[in-house]
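Alright, structures below, take your time with them.
The two complexes that follow have subunit A in common; it is paired with subunit B in the first and with subunit C in the second.
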Partner chain A sequence: MTRGAELIRAGWRRHEVRLLAVLVAEWLVFYYCGTSVNRHGVVVGFGTLERQGDILRHSCEIGLLALVLTPVILTAGIDLSVGSLLGLCAVVFGQLWHDAGLSVGAAAALTLVAGALAGGLNAGLIAGLRLPPLIVTLGTYSLFRGLAEALTRGAVTYTDFPAGFLALGQDRALGLPVQAWAFLAVAAAVWVLVHRTMTGRAFRVIGFSPEGARYAGLPVRRTLALAYVLAGVVAALAALIYTARIGQAKADAGTGYELSAIAAVVLGGTSIFGGRGSVTGTLLGVAAIAVLQNGLATIPVVIRLNAAGEIAGLLTGALLLGALSAEAAAKVLSQLRRRRQSAPGPNPVAP
Partner chain B sequence: MSPVPLLAFEAIEKSFGAVRALRGVSFELRAGEVHALLGENGAGKSTLIKVATGAHAPDAGTLVVAGERLARLDPAAAKAHGIACIYQQPALFPDLTVAENLALRLEPAGGWRRVRWGERRRRAEALLRQAGAHVPPDREVRELSMPEQQLVEMAGALGAGARIVLMDEPTASLTQPEQERLFAAVRALKASGVGIIYISHRLDEIFALADRVTVLRDGATVGSRTAAELDEPDLIRLMVGREVDRLYPPPAAPAGEVVLDVRGLGCAAAGVHDVSFTVHAGEVFALAGLVGAGRTELARVLFGLTPADAGEVRLQGERVALGSPRAAMAAGLAYVPEDRRRHGVVPELPVAQNLTLAAHRAIFPGGWLRAGPEQRCAAELIARLDIRPAEPAAPVTSLSGGNQQKVALGRWLATNPRVLILDEPTQGVDVGAKGEIHRRIRELAAGGLAVILISSDLPEVLGMGDRIGVMRGGTLREILTGGTPAPAVMAAALGRAGKGAA
Partner chain C sequence: MKSYARELAVAAVLGLLLVVLAVWAPAFFEPAPLRSLLAREAPTLVVACGMALVILTRQIDISVGSQFSACSVAAGLLAAAGWPMGLVLPAAVALGAVLGAVNGALVAGLGLPSIVVTLATMVTLRQGLNLARQGEFVNLPDGVQWLGLGQSAGQGMLLLVAGAVFVTLALALRHLAAGRHVYAVGSDAEAARLAGLRPRRVTLAAFMLLGACAGLAAVMNVVQSPQVQPLAGSGLELKVIAAVVVGGVAISGGRGRLGGVFLGLLLLAFISPALTHLHIEAYWEKAIQGAIILLAVLADAGRKEDSP
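Take a look at the complex of A and B:
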């Protein structure tokens, strides 16, 4: 085999490379099916730069949640409360600015603090009292959303934010949507944390073996707490971006986002059982889902059916299950092959 | 000549990888006898039980059940031949009643069968009476005491028509009156013609209950005797039997200053109390004792995994608080735990990452991962401990047991500890790697380290220990000098005044 072919084979074994191939395939399909020229001779649809910017703009909030869920899931944990927390933080921000009369900057800073405190509640229950993350965050999932609705009495919506704030969600800077820069900054920070620090390695060790981490003298509680507090802070940041993009803060902001974010993380190759996964994978997972959902809305037949949302949900589910099944099937096949090869011999491992 | 034995083992052999657990076990169980099976930890008793219940297929040898030669036995066949086993921890469903538990054992499975509650109750009552248990059949099992649960197990065995009952340390967690009731039930069983194989570490039980005794040593039968012709020193001698026959590296230099000074250490949660001892630089302090004597528990207290609630620990004269593994690490302690795969290494991580996991503060200043220092540290430890394959990127799962143990050890050497606690470092390791690990331990001690070596392998304790601490019932009972003969150490571990046995 040539060196080039070897490289390709080795690369193909990486989940990220295969996911990248899926992403490129998606993009090409939508480019050819979703781009057209209208009556006025103008190119419209998927293939326009504007549309690509929109995809980026719309995937920032779920993308942020997926980024900070990656460390959480690496520790074999889960955080179902981030979507609700996004709603709560949006409402808190609206009240601080509108009702308390704070400046936008001060309100935003305090909203981030609120996110940290809410994440701290999860952290205290999970790392401190050692309650199971699924149950704790199922509880705070209801609690945060309920609190958001109580604060607004289910009816109040905050609007009329100053243009300077709305720019965060609606303008462009250096050719990209403004919030995309925030997203990229968080992505870089989370990547460095997970892949270049001892804390990142501790996430994995805890995910593989919490007892093993304790026996190695790693700060298990502190590391777990950090993952959940970080999720809270970034959920608050996502709430600010959401509010700026929509132009209004209301209690139902971010409903269901936690599940889309978890889907992106898992599609990105992070094991729900902890230990394995990468931030790059999560980014590709977010992109694969975002391109699929936005691209569908540009295909003429889908537009005619007026069912982009429904078909997107269906295909996202199929993509996730297909990716997981393909990985599992490949593993089973390679095991079968290995067993067949080593069948006549005794135990392959020499003492 | 006696009639056909109920069960005969003929030259049974069984290996797990490189470890030969059974190397030719032969003995006979007769109807209506209690046959005690004795041996040190790791002599092969539990493996033999598993062969008899069909859980393990023997590599060689035959089982003869009531005259019928069986090449192999699976659990269903064992049950059909009337073989039943009662474990130390009864395997009952705690939320079901006694009668329901018995029904699960005895009634054939089938989703659509009618449940006859009256019949269930009556049968349970009859069986419980036969087993000598005064337990109402409609009581939930979780409300029963441990011996009552064992009697329910026994009733189940009787109901299944068991002719051969294996009991694996049934009294390990029982109080004196509870034991008496169990003994009465065993005697009643015996009187009804059932043959019982009885495993226990408690010699007084053997003499109270057993008709004959078979001693296992290193996976082979030493011999079967009638209990009446033996006394305690005889038994201990049979169990230990040999001189330290393997070659152990000699101590290099006389021990130096006191490094670790433990005074009155205790932890109620761990079941450890009032432990006092010292360990010197360059010394190997071996901790002997039976399984459950509290050795691992003591190590966990020292390492801060279950922090102490009494006593004090001094390291080189300085009092230290060992409230967490990190505190213990900072004080200069290192602990290579017994359960290698769960605690000693992270099997999914590469060798290099495992080796730098404990010493990460020194290797990665500020918490920033750096490939250069990690590779250097890993390469040095791989060379120093001769870890094979010398492949820092290979996951630890791909290594053999002995090499995984070296990784677990290497991780702690990287922290430059002053006290090294090794918990069963050669368990599940083949003979070659064992000798190598022994040499490493000696080298480390010679380098000035204070080593605490926990081992259930008596020759290892005798061969490696400069002094030998003997634990029993959660506390350190005796500290013996290095040259103490094996029977005396065994006697101390068993709690017998058997020092004259040698």
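Take a look at the complex of A and C:
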């Protein structure tokens, strides 16, 4: 085999490379099926820069949540509460600005603090008291959303934010949507944290074996707590971006985002059992889902059916199941093959 | 000596809530509204029993809400097409069992993590249903609502069905070999395998039973109203898991009893009507439910240190 073919084969074994191929394929399909020229001779649809910017704009909030869920899932944990926390933080921000009369900057800073405190509650219960993350964050999932509904009595919506704040969600800077820069900054920070620091290594070790991590002298509690507090702070940041993009803050903001974010992380190759995964994979997972959701809305057949959201959801679920099953089936097959190879012949000759 | 501390604690909180209601809002105990409330929760109890089984085997299923919706719509369509309810019921239960078997096969057969598998099937099923029905309601023909029995007799029958499912499963878990296998697999699947059990089959069976429960519950819900709402089951999974956890079933598998699940479900189900009767704003319901779940896991932490 030539060196080039070997490189390709080795690359193909990497999850990120395969996911990148899926992403490119998706993009090409939508580019050819979803781009057209309208009556005035203007190119419309998927292939326009406008639309590509929109994809980036609309994927920032779920992307941020997916980024910070990556360390959490690497430690074999989970955080179901981030979507609810996004809603709570949006409401808190609206109340601080509108009802308490704070400046936008002060309200935003306090909202980030609120996110940290809420993440701290998860961290205290999970890292401090060693309670199961699934159930703790199921409880806070309900608690945070419930508080958001109670604070607004289920009806109040905050609007009329100043233009300077709305620019964060609706304008462009240096050619990209403003919030994309925030997203890229967080992505870079999380990448460095996970792949270039001791703490990032500790996330994986804890995911593989919490006991082993403790005996190796790693600060297990502090590392776990960091992952959940970070998720809280970034959920608050996502709430600010969401509020700026939509132009209003209400209690149902971010409903169901936790599931999309978890799907992106898992699609990106991070093992739900912890210990294995990468931030690059998560970014590709977010992109694959975002391109799918936005691209479908540009295909004529889908527009006629008026069912872009449903088909995108369906395909996302199928993609997730397919990716998982393919990997598991490959593992089962290779085990079978190994068993068959070692089975015949009374005693295999030792080399 | 078995400890019934959790059951007693939940029963005490429930009793306290009932005493408060008896003193400040005796209207809560009027038979007709109370029976309606219990009948509305009867399908949830059936699903919660199935969920307890799955969680006892150390798995979880967050797609039950979607399964419930799919079975509701299927039952509604079959009933609208003129099938007798005697055939609609087994069809819905069978559909639920098949949907559960898909989850079970992926989890037990391929060894995939149940939370991710059921997350994927939840989204796929829900969006598939939306795509097929576009949120349209199914109008049911006459005679389907309450099976033509009239409201109070119909509600009584639903309570009987839910009670029968609950008692059967509780007794089976406690006294049948198959029931003990569920605990064995949930405590330690490898030890169970070495003891000659088949953990994969037990897991698959638990998922199928939960699916069948979702199908039965869907029919129990369909007969309560003249129309089938395709969104009826959204959020059901969290309500049910909350009831199971509050009832003292350990999320790490192998520990817990259905009696606790029953009490936990009653407690969570009474909060919203209790708030209304006590003139507290109902918007606090979710927050209070969340707080109860957190208190329940906190109690678990205490219990873990007590027992070796």
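Criterion: the second predicted complex is superposed on the first by the 337 of 351 C-alpha atoms of A that agree within 3 Å, B and C clash if a C-alpha of one lies under 4 Å from a C-alpha of the other, contacts with A are read in each partner's own complex, and residues count from 1 in each chain.
Everything below uses one rule, namely that contacts are C-beta pairs under 8 Å (C-beta built on N, C-alpha and C of every residue); 3 or more make two chains touch, one makes a residue touch a chain.
If you're wondering where the values come from, they're calculated on a predicted model, not measured in any experiment.
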Which partner does A:R338 reach: the first (subunit B), the second (subunit C), both, or neither?
neither
Using the touch definition from the top, say if A:E211 reaches subunit B (first), subunit C (second), both or neither.
first
What is the contact status of A:R9 with respect to subunit B (first) and subunit C (second): first, second, both, or neither?
neither
With both complexes overlaid on chain A, does A:R222 touch subunit B (first), subunit C (second), both or neither?
neither
Pick one for A:M198: touches subunit B only (first), subunit C only (second), both, or neither.
first
Report the partner of subunit A that touches more of its residues: subunit B or subunit C.
C
State whether A:G275 touches subunit B only (first), subunit C only (second), both chains, or neither.
first
Touching subunit B and also subunit C: which subunit A residues?
none
Of all residues in subunit C, those that touch subunit A in their complex:
60, 106, 110-113, 115-117, 119-128, 130-131, 134, 238, 241-242, 245, 251-252, 281, 283-291, 293-294, 297-298, 300-301
Show me the residue ranges of subunit A that touch subunit C in the complex, using the header's touch definition.
78, 125, 129-132, 134-136, 138-147, 149-150, 152-154, 259, 262-263, 266, 272-273, 307, 309-314, 316-318, 320-321, 324-325, 328-329, 332
Partner subunit A, residues of subunit B touching it in the complex:
17-18, 305, 325-326, 328-329, 335, 337, 342-349, 353, 357-358, 360, 364, 367-369, 398, 400-402, 411, 430, 432-433
So in the complex, the part of subunit A that touches subunit B is made up of which residues?
195-201, 204-205, 208-209, 211-219, 275-276, 347, 349-351
